[in-house]
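Multiple structures follow.
Common to both upcoming complexes is chain A, partnered first by chain B, then by chain C.
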Partner chain A sequence: MRESIIMKIHYGTALGAVVLVAVHVLFRITMMSYGDSLQYENVIANYKFVPYAIMLELILVLLSVHGFNGLRVILIELKQGRSYEKAVTYGCLAAMAILIAYGSRTILMTSMGMT
Partner chain B sequence: MKRNENREGIKGMVNPGRYGIERVSYWLMRITGLGLLAYLIGHIYETSSILNGKSVWDSMLQLTQTTQGHIILTLVIGMCVFHTVNGIRLMFAHGGIGVGKPTRPDYPYIPNSQNMKNKLCIYASIGVAALAMMYGLSVLFGE
Partner chain C sequence: MAEEQSSTEVSSSKTITLRIAKSNPEHDSRSQFAEFKVPYERWTTVLDAILDVKKHLDHSVAVRYSCRQASCGSCGMKINGRPGLACFTKISELNSDVVTVEPMNNYPIVRDLVVDLEGMFDTHKKMKPFIINEESEVATNTREFLQTPGQVEEYIQFSNCIKCGLCNSACPTMATDSSFLGPQALTQAYRYVADNRDKGKNERLKIIDESHGIWRCHFAGSCSQVCPKGVDPAMGIQMLRGYLLGFKK
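So, the complex of A and B:
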């Protein structure tokens, strides 16, 4: 994929994540006190509220894509070379996929009541 | 002089003294990005404890809802706000907004892109991040 397309994805994921993370944080501090919002029952209720669970999944995907692409850019800035760049790109893609799969497992299982 | 003697390597790259606040912003952007990625991974691991029931969730909360945990969270708030505000500045700059018009390179070769507007935005990013950290501290410790 061309680097210009990757940077557009990088900026798009950043803008999307800013909006959704703001909503996620506001959920923690506006609905009730911060401490109460972290109580087990309240967190479970959040996960079972489908629009919120979808938003969490979106945040997970957007931040993982943005974060691991950022890491790839930093690592490629430090050192260059065909095999090194390939290793960094595939390593970051693999780490991103693992993180998304692990986070999605939590969201899916909790929202379906498998706790 | 040998070629290697003139090469500072990472030391030269890290040195913020030579290129002013732009170099500081360059490093802060990368450090905050790595910090936020580390936090994201930790947060996903932390929240996965909810699958193991109330007692495990409560013990994880006891681990994170401490003074040290709140200080780390305050740093995360600061990193997040700086990374966001400076990131928006960079998006504009990469799109050619606020970087001035190209002119003939005359001595002393001051680049149009490193203008006062961009410098002010970097200082503003740091200021907004500090304010957000203060608000975060009031929420976390004000209960």
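So, the complex of A and C:
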């Protein structure tokens, strides 16, 4: 993949994450007090509300893609070499996939009441 | 090293301590400073002072220079920690009694103040620094490529680059990423991409759009701060990004 496409995804995920995290934070502070919103029942209720669960999933994907691509960029700027860069790229992709899979599992299980 | 005094007879009573970084990687990787007392006038440049030392105090000082008028880009070095042209920096402007000169960062040292610029010239060549156009303006029955002042304005400042390498030396990305193309090459890519006579835009954009290409610039802007010719590489790089992001056609 060309670096410009990767960087477009990088910038796009950053913008998307800023918007969705802002919505997420606004939900926390406008619906009830911040402390109450972190009560166990309220947190579970968020997951069970499907549109909110979808938003959480989107935040997870956006932040994972952005974060791990950022990590890849930092690592390839730190050290160079064909095999090293290949390892960094595939390592970051794998870590990203694992994080998304694990996070999705949590969101899915909680929204289905499997707690 | 022992402090030495210039034997030059000068009218000036003002002197500075010139600290010259001396190293020879072929023999020893360590660098040490040699100190010299050098007289100076209001118009004395750092290069003049180095040549004074070379003439009277230490013939072994290695320095590269040629035009002495900021045209050739040969005498780039770190002067009091900041990359600059020795022939274009007056000692009186430095406001310091001690002037330290070192080889530029981010280049392999050849000896003392001389660095190997081969890598920079290689990346410069990689950018195809020439007009790519099937139609030649020198063929018969053709006429010169006319440009409006506005079209010239698009790229003219970037054609002032003298390839001194100061921008690459000041670049923080180049300090860690040895494969990074660097501000000099990227600016030259923009110089030709922005030239409406050139038809090689897509070729150049493809060259710079790689993992150690244009996207590794963090817009620190230090390249633009040190350019002795008033070129703004940081801006050129951002403009070039505009083409890749689709903001510019």
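One rule holds in what follows: the second predicted complex is superposed on the first by the 115 of 115 C-alpha atoms of A that agree within 3 Å, B and C clash if a C-alpha of one lies under 4 Å from a C-alpha of the other, contacts with A are read in each partner's own complex, and residues count from 1 in each chain.
By definition in this document, a contact is a pair of C-beta atoms (placed from the backbone, for glycine too) under 8 Å apart; a residue touches a chain by one contact, two chains touch by 3 or more.
Please read these numbers as outputs of a predicted model, since none were measured by experiment.
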Combined model on chain A where chain B meets chain C, clash or fit: clash
Contacts of A:Y34 with chain B and chain C, given as first, second, both or neither: first
Touched partner set for A:F68, first chain B, second chain C, both or neither: first
Which of chain B and chain C A:T106 touches, first, second, both or neither: first
Touching partner for A:E3 - first (chain B), second (chain C), both, neither: second
Which of chain B and chain C A:Q80 touches, first, second, both or neither: second
Greater residue coverage of chain A in the superposed arrangement, chain B or chain C: B
Residue range of chain B overlapping chain C upon superposition on chain A, of 27-35, 63-71, 81-89 or 99-107: 99-107
Shared chain A surface residues [contacts with chain B and with chain C]: 7, 78
Chain A - residues contacting chain B, complex: 7, 11, 14, 18, 21, 29, 33-35, 38, 40, 43-44, 47, 60, 63-64, 67-68, 70-71, 74, 78, 99, 102-103, 105-106, 109-110, 114-115
Residues of chain A defined as touching chain C within the complex: 2-4, 6-8, 73, 76-78, 80, 85
Chain A-touching residues of chain C, taken from the complex the two chains share: 173, 176-180, 209-213, 215-216, 244-245
Residues on chain B engaged by chain A in the complex (per definition of touch): 10, 30, 33-34, 36-37, 40-41, 44-45, 47-48, 50-54, 57-58, 61, 65, 80, 84, 87, 91, 94, 139-140, 143
